[in-house]
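What follows is chain A paired twice: with chain B in the first complex and chain C in the second.
Take a look at the complex of A and B:
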């Protein structure tokens, strides 16, 4: 899968129009043709495509991702330095999203609460991240001065970006969780648990939520994709460092080494997450445990 | 964080002082009382100079704006365009205009302790001109192939020799792009300059490069030894604040909000549509300066298609209602352009063009009739020989400054005269590929530079399609722009540039649309803020009353 992602991204980036050198220079530059040829040569872009590809694969195997065209720094450095801010952002966002989703799902009993919940979910899912972020900014930063706008300084600066990123995810999780809780509520074991005298809260924490969380766990891959996509916008809006911005810049500047490394990185993450999910499922669901 | 109650109270106090002082203050800023030492000034900028930290390589405006605080130049260009001493105390130009001899200021040192002398100037200019540097802009400012070499006469005297006279030379020298790196850095870390960083981005300026956090901020620290301010500065010695912080906030709405919220002291490149909101805030002062150089303009490709016909180009020029569109889209903040140079371009602008080519759909219709586009198809567009009168406008997928709205307005105007305008937005890769291929009919941009030589970049036949995107190929124009570039007679240059500007309108080679302004919003707690000829904030003289 990782190899497939690497190859596909190599192909796509070479098939779409646009010369990396021309893009790097832009329309303001006064670089001469000789300068451009030199840049092509130094980046190895004047060699046949198949050689570039083989060379690239060879380096990937050795975990050498080369040097960013644009930043002129080792790609590993570029991604490494941006990893932490994004992990912090995404980590807090997941936490907030799960918290919101569980609260909504648990609280929404009865038809009125349910329709309010589904309205809230609809709003969070369908609002563009960009718009949500700007709204939060103008209320909590510009008006109330509760949180700083910019940068990665301190925990306070992390809250608004994380909430912005969390809201759409929370909406989806809550939708799924609520639906599953309803389904679970009709299961015979719930009746039997009630018959044993279990209260609503105990029932929820010991049985129903655990049951209902199964489909949610399998959604993780989707959620991670959503977070990475949202990070592009959130990091831009709040002036944060992070992988989202690196990805955006790398793609629009045809910074091939960085894009490839990011694609491979994303592929590895997805593989790891799927493995973790596979490992977690039996813990949540005794039926999935092997009998060996 | 910075927006504590205490600082809010201080801010309020400063604002009060500002209101009291406003009556007697004559400068655009300086409402913050007497100069204060210490503190941090935070400036919100719209673009990330990240991969563009080598001043000798980059062509990015944002790099020049930020790194002006780290690098000094030989001369300084005052806001009226005159060239004044800086690291060079005086200079002599040979009669034939090919030799510039500079006398250098004594006692100047780089941030790493290296002495600034004639050898340092030579090392820097050699570095800019070297093909290994792959300079995208500085080399052209140094004269391009007109630059011959630099000679060390003695420690404090240096001579630059040109192959032919190059009039824009001193203006080029005044820019950040021709600032000076420590020769030690050029020797030891030349390959790391683009990425930049502490100990690499080393100049002689009032601030020392401390830290760059990718996509987030650049931190500079005061250079306590600084004692070689440019001639036009309002104070001497070290800068007042201890620290300068540039935070990168690309979103316009966010930048418009951060000064009011106290997250930043200054916001750069504020959108014109945010001006009316900010004006209502008594704690915020605004500065707007018209950009010199090429206004935001539409290039009509001469090399092929319907626009190869001059009558069609003129019909385009007179068939779009520039006045109404610019007023509506930019909330009355920007002025429409009448010439291919902005009015603030020193010693070059031709004001006589103002009002000479107003919106005239009747004339546009007549011109198209004369050009043979007399039939109409079912959608009302003109046709000739079975072909529709239609032009494709190549743009990037996300044009800045709401230019999409202008294009929409022009599209509607042109439809009225039977001229179809097809917007062709492309991502940056395809955009550049199409631009290089010259397959577009229409393309647009602006180019900020306080020098009439900008006309040579955009109209000289050898520079197509960058930056001569109209593919203008006219021997007369070539002669005017090259003569002007070589002339050292200011009056002769002005005369030649007036001819070129008139020609550009008569030929409808480039249709100038609006003169962009660099708008800065700053807190009233900031004093001493000055602006250069581009309208970019100059932070050397500034202080923060928050201390």
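Take a look at the complex of A and C:
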């Protein structure tokens, strides 16, 4: 899949009209045709496409994504230096999302609570992150002054962006989790556990949640994808540094080596996550072990 | 995987009983939105572009139900006029994506195995990424702009529709009535048109309704990032982005366009789920 993504982005890059040299030079450049030709040669853009492709694949394997057109720095450095803020953001967001989802799923007993829960989920999923983020900023930063408005370092500056990013994910997770809990509730082992005298809460923590968490775990790749996409908007909204910022800047400037590296980076993440999920499922579900 | 699938797919059983009323309300909201987008002049007589610096940053009042922005423009009329562009992002992109999805899905489902395999590989790669990221990459290649935003959302949405058309086509292809039609000597193209396509349309309609909501969010998101239309064009995502800078002093500039987006998306989702239930009820 990583190879597919790399190939696809290579093909698209070369099919697109527009000369990378023009992008590097900027709009107002007065470079002569001779200078442009020399730059073409230096970048290897005058060689046959298939050679460029093989060369490109070789460099990708060695984690060499070339140099950013705009920043004139190796792409790996650009991405590497912005990785941590986004990881922190996404990590905290996942934590918050799972926490909210579990709380909603566990608390929603009875028809009224269920209706409220499903309404909340509908709202969180339907609200665009750039709007919830603005609302949170408006209430907690401008009115209540609990959190810094934008930028800033440390944990306080991380809370609102993470919550913003977490809300839609929490809505989706809670929907799935609630549905699974309902299904689990009809299983015979629930009756037998009740017969042994387990209360509702014990039943949940010891049996049902573990059962119901399985489908949620398989959603991880989707959730992470959502967070990566959301990070672009949230980082812009809260003025944070990070991969989302890099993505947006690369896109606005048509800095294609950076864009391609980001696509490949995302593909690698998805593959790794799917591998981890496949490895985790047997741990959660003993039934999968015998089959494997 | 995509948000569209999620909104349409999960928690189907949880809201069954309340559905009809909610669906009516959602349908009514959608109708009003559609009328708003087509005839914004019916709802407001104020020009969304008229500036009045003496009335800048007025809080919501009778004269300006949604307040005014930094240049004194009436936010209510800006939100009303913004409906056209924001909705057309969602509707145009979804329509084109559905059509492209039908063509690709039918071809993949009916073509020889190796063609199907190649098409599915490409679709799977695209489906692994969230729609917003795919759209962002397309924007990176095409450059920013209103039309490019629509193209980007369309391309990002096609795989979802192509996949469901392909799956349904494969199911229908093996069914006895298609076999019967072929045996009776009907031409291949006619069989596809008469027997395969109608069966594909049902699930597609459900997905597309919910997909409009997703596409509206993507479109507004891209313009929020400054990759779509430019100021002073009224568009919900752009209005939100404009409101960001005066959030501390004038919350209403950002809040009302956001409500508009959220209400629209909720309405399409609720209505889509209603259609889905109708559709499933008929089948089983």
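The criterion applied here is as follows: the second predicted complex is superposed on the first by the 251 of 292 C-alpha atoms of A that agree within 3 Å, B and C clash if a C-alpha of one lies under 4 Å from a C-alpha of the other, contacts with A are read in each partner's own complex, and residues count from 1 in each chain.
Following the convention adopted for this analysis, a residue touches a chain if its C-beta (ideal position, glycine included) is under 8 Å from a C-beta of that chain, and two chains touch if they have at least 3 such contacts.
This structure is a prediction, so every number in the text was calculated from the model and none was measured.
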| task | Could you tell me if A:225 is touching chain B, chain C, both of them or neither one (first, second, both, neither)? | result | second
| task | For A:4, decide between first (touching chain B), second (touching chain C), both and neither. | result | second
| said: For A:131 in the superposed arrangement: first (chain B), second (chain C), both or neither? | reply: second
| request: Examine A:208 and indicate which partner it touches, taking first as chain B and second as chain C; both and neither are also allowed. | output: neither
| task | Applying the touch criterion given at the start, work out whether A:72 contacts chain B, chain C, both or neither, answering first, second, both or neither. | result | first
| Which of chain B and chain C A:250 touches, first, second, both or neither | second
| query | Is A:86 touching the first partner chain B, the second partner chain C, both, or neither of them? | reply | neither
| said: Which partner chains sit in contact with A:240 here, chain B, chain C, both or neither? Use first/second/both/neither. | reply: first
| task | Classify the contacts of A:176 with the two partner chains as first (chain B alone), second (chain C alone), both, or neither. | result | second
| field | chain C-contacting residues of chain A that also contact chain B | value | 16, 134, 137-138, 142, 149, 236-237, 252, 254
| task | Using the touch rule from the top, collect the residues of chain C that touch chain A in their complex. | result | 1, 3, 6-7, 10-11, 13-15, 18, 121-122, 124-125, 128-133, 136-137, 139-144, 213, 217, 220-221, 224-227, 237, 240-241, 243-244, 247-248, 251, 254-255, 257-258, 261-262, 265-266, 269-270
| Can you list the chain A residues touching chain C in their complex? | 1, 4-5, 8-9, 12-13, 16, 114-115, 118, 121-123, 125-131, 134-135, 137-138, 142, 149, 172, 175-176, 178-179, 182, 221-222, 225-226, 228-230, 232-233, 236-237, 247-248, 250-252, 254, 256, 259, 263, 266-267, 270
| Which of the residues in chain A end up touching chain B in this complex? | 16-19, 22-23, 25-32, 34-35, 38-39, 68, 70-73, 78, 81-82, 85, 134, 137-138, 141-142, 145, 148-154, 156-157, 235-242, 245-246, 249, 252-254
| remark: Per the touch rule, the chain B residues reaching chain A in their complex are 1-3, 8, 44, 48, 50-51, 59-60, 131, 134-137, 139-140, 144, 191-192, 194-195, 213-217, 247-251, 253-254, 257-258, 260-264, 427-436, 445, 447, 457, 466-467
